[in-house]
Amino acid sequence: MTTTPASLDDVTASATSLRRFLAGLPGVDQVGAEARAATLASRSIKTTAKQYALDLAIRMVDLTTLEGQDTPGKVRALSAKAMRPDPADPSCPAVAAVCVYPDLVATAKQQVGTSGVKVASVATGFPSGRTSLDVKVADTKDAVAAGADEVDMVIDRGAFLAGDVRTVYDEIVTTKAAAGDAHLKVILETGELATYDNVRRASWLAMLAGADFIKTSTGKVQPAATLPVTLVMLEAVRDFRVATGRQVGVKPAGGIRTAKDAIRYLVTVNEVAGPDWLDPDWFRFGASSLLNDLLAQRTKMLTGRYSGPDYFTLD
Amino acid sequence: MPSDARLDVRKTYKLFIGGAFPRSESGRTYEAFDAKGNFVANVAQASRKDARDAVLAARKAYGGWSTRTPYNRGQILYRVAEMLEGRREQFVAEVQAGEGATKKQATAAVDASIDRWVWYAGWADKIAQVTGSANAVAGPYFDFSVPEPTGVVAIVAPQESALLGLVSVVAPAIVTGNTVVVVSSYERPIPAVTLSEVLATSDLPGGVVNLLTGDPAEVAPWLASHMDVNAIDLTGIGNAVLARSLEQEAAENLKRVVRPQPTPADWAVDPGIERMTTFLETKTVWHPIGI
Amino acid sequence: MADSVFEYAPAPERRDIVDIATSYGLFIDGKFVDGSDAKTFKTISPASEEVLAEITEAGEADVDAAVKAARRAYDRVWSKTSGRDRGKYLYRIARILAERSREFAVLESLDNGKPIRESRDVDVPLSSAWFFYYAGWADKLDYAGFGPDPKPLGVAAQVIPWNFPLMMLAWKIAPALAAGNTVVLKPAETTPLTALLFADVVQQAELPPGVVNIVTGAGPTGQALVAHPDVDKVAFTGSTEVGRAIAKAVAGGRKKLTLELGGKAANVIFDDAPIDQAVEGIVNGIFFNQGHVCCAGSRLLVQESVYDDVLASLKRRMATLRVGDPLDKNTDIGAINSAEQLARIKMLSEVGDAEGAERWSPPCELPDDGFWFPPTIFTGVSQAHRIAREEIFGPVLSILTFRTPAEAVEKANNTPYGLSAGVWTEKGSRILWMADQLRAGVVWANTFNRFDPASPFGGYKESGYGREGGRHGLEAYLAV
């Protein structure tokens, strides 16, 4: 089966055709994919390249707080940091977005105002997605009504693993409609999908259903984002654009803690999907503690000194 | 005693479980003496709960240890030899004192122990080629057999040979990927505790070797009856009646059993590969050959 | 669309970690000595043509001295050294190589032209691992399957090529010493430096003098070594042409011989291959080490039904290959080892053009100094083309198609060579069927260019005979 089918409308026409199409996608050899990721991770990014990558990575961060204990105070502080990550250095760029639960979207929106930092909201019964479609739609509409620019939805992994790809597809289509103008990121929860073959299939499924972004994880399940999983998703968005002309973004989330990791992801984006994806419109990092390490490395490049946690705000 | 003689700092002899050195949960110790009858130290006396904890630690460590590359396990065992070499004098003194050996005998035993680790280190990535096979079945199938570690192995170490005997029962079990719970010689426990310190500094993951000082007659039955122990080596059980009863206990979950030898072993001779193969399972795989 | 381009800044590995002497003698009987007739040659960096050092050319008298030293060491010391102790020496060597790995990696890239990432991540670790592996066999020969107490052969003459200088040295010396032999080794004339630095490791390990001797030189030195009457065993890795000559030279005598020669391996991609990993395998198969690999996947056999997709993916992937300074950590493809080799690659590529195949390379900037060739593919190639039959030994891939598994096998086997082959398919039965049918000593399924000291490597037919690696690798050095 080739990766560029002649027509994709037939594919989504029925549950059977959808399932067959996904099953017919080329498999992913685990060892080979992981070896390629490891080689990409061995690239040495120094000096000007490192400065470029650090600034780009900062601009790609979706600064995230998704905890039961989140309060308006916490979200206001996070939003302030998102707009001004390094109070000591005004040349430091702002991040791409803050990412919060739907009931805190309004608070975040009020804080970021017209600064250009977007507000992303999780929805559809995040993180488990184990609730009715009506509740998922209501969740989405609440987020959008409160002002979310982006919606990060979760797919029904139970349905996917049980082979009911039609349900997964329909839910994404419905959620996209409910999201209106907001950009839709579809969280695959790759840790639960377990195989790279499944990640490839779920990626295509989400894109066929209209996803603007495909996202690795909720961050609540281990393993969350990994370099090989992201590599497979980057291959999928690359192939999808070749097949359909439509570009879809990628967001690894959870487990990316160091600037070094982030730079490895950017190298992978560069060499697998291509430079068109090296932009916050097409690639994001779902992270919280990553930002401070990016700032620390940025500071080291500018001052020559290793820094410490006292010099960066906690939020 | 001269008034300006330096007072030594004396070691506390503890158990080695999960890479850490806890005292016995029972709080008990027993007195260890040298071969001349002099008091050496209060040594931790392991209880059934310590044995239980050690098995848990060994099981936890098994997944990681058994899936490391054989090359990596070989390197770690070689590192144990490197660390042992550094402590040669200490071990010679301890073996001399514990076994009542001459310096020459003790030195020979320690050197043999170090060399034995080196010997076993070299087996890690070779045992599969020697015991595995591609099998010529009568059909279009690729059929192969590979050795795999059995799991958690309980070992009662030899009573007489405090270091060489101990090394000779532990190394072959772990080189192939098993993890072990060892009960050391009751009367000669000191080299075993020093060996634990060596293992703790050899990049050996915690839990791969767990060492309990104490009375085998008390501890071994709990290991023999433990349903999450896959094999038991009764080499250090001198009492035939006890050995039989332990073997019967072990039969409850069909543990692989190594019986004590009827005559005392000569640990100096070439061990052969039996102590490795005893704790290996054989997995045979079939796959059709066709277009 | 992105508003920026990710340029990787230079990331050079520092050269100053390794001390290169201005000149080197021959390593005979545990120390460096001058050559008997003051003949020398230069070794250069193929990336810049800079002279790295002056090397002694060993003449017949020098070769004789080396063999005598090896014989003395064998008779008086090494044949009396226990397996256990031989193993300990080899363990020392393995550990020292690991400790000095960065030094060796930098030196290898300088002298050979291969990217530092490869010498650092592949060549040097495998070299250390080879010594570590065979150290473990030295005192276990009874278990190796050759009967009880197998004996060594005596003195081994070993001639190695320029493509993996240190690694080929390890493949030769480790099993020879483990089995109880002493050796005289001649590294290739364009890449002697890591062998000469290895002499330092031998001294640090306090290996008895004469157990390992290293004589540098070119063809004539090799011939003298192979022809020496007091050599019991000859091991050669290099071209089929020279291998053939050696086989003729030892004919009728008592010397045992093993050869690891050229190849023209088929890399077979089926329609159900994991395409992205297969493309990696193709790239790795022919562009790893600039294609200077005897087992390189130099013939791509693609199932016709997926030809367009595979070709498009391959070209896209090739465009991200970085050709440049071997010491830059981001370089994927380094320099061609010598002017001679570059001339051969160019000549055969021109033959490819002339025979009607279509040449393609991604755009890349090649430096002015040094020897460079871009990663290149030829499409429209058939079995009758010279570029499908002759070993180019460079980053040049000939692409052919096939329809059925049987046809793939037929084409893959249709060559005098038989070193390696690659198979890409998700179907297990087919992997095993192909492995069964392919007349090659190494079959890589869903992977390529994997080497391990535990894994026997060697060829069928004109790719040579004998195996290196694994239990099998001991056979060449035992009287069995």
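Per-chain numbering from 1; labels A, B and C assigned in written order.
Here, contacts are C-beta pairs under 8 Å (C-beta built on N, C-alpha and C of every residue); 3 or more make two chains touch, one makes a residue touch a chain.
These numbers were taken from a predicted model, which means no experiment stands behind them.
When chain centres are defined as mean Cα coordinates, A lies farthest from subunit B. Of all chain pairs, the one linked by the largest number of contacting C-beta pairs is A-C. Between subunit A and subunit C, the centres computed from C-alpha atoms are 43 Å apart.
Subunit A and subunit B have CA centres that are 48 Å apart. For the pair subunit B and subunit C, the distance between C-alpha centroids works out to 41 Å. Annotation for subunit B: no residues touch 2 or more other chains.
The touching residues of subunit C, counted against subunit A in their complex, run 1-11, 117, 121, 271-277, 280-281, 306, 308-309, 320, 329-330, 426, 446-447. Within the complex formed with subunit C, the subunit A residues making contact are 1-4, 26-29, 31-33, 35-36, 42-50, 52-53, 56, 235, 266-267, 270-271, 275-279, 282.
Looking at the complex, you find that subunit C touches subunit B at residues 84, 87-88, 91, 129, 132-133, 135-140, 143-145, 405-406, 428-430, 432-433, 436, 453-454, 470-471. Remark: subunit B residues 70-71, 74-75, 78, 115, 118-119, 121-126, 129-130, 142, 273, 287-291 touch subunit C in the complex.
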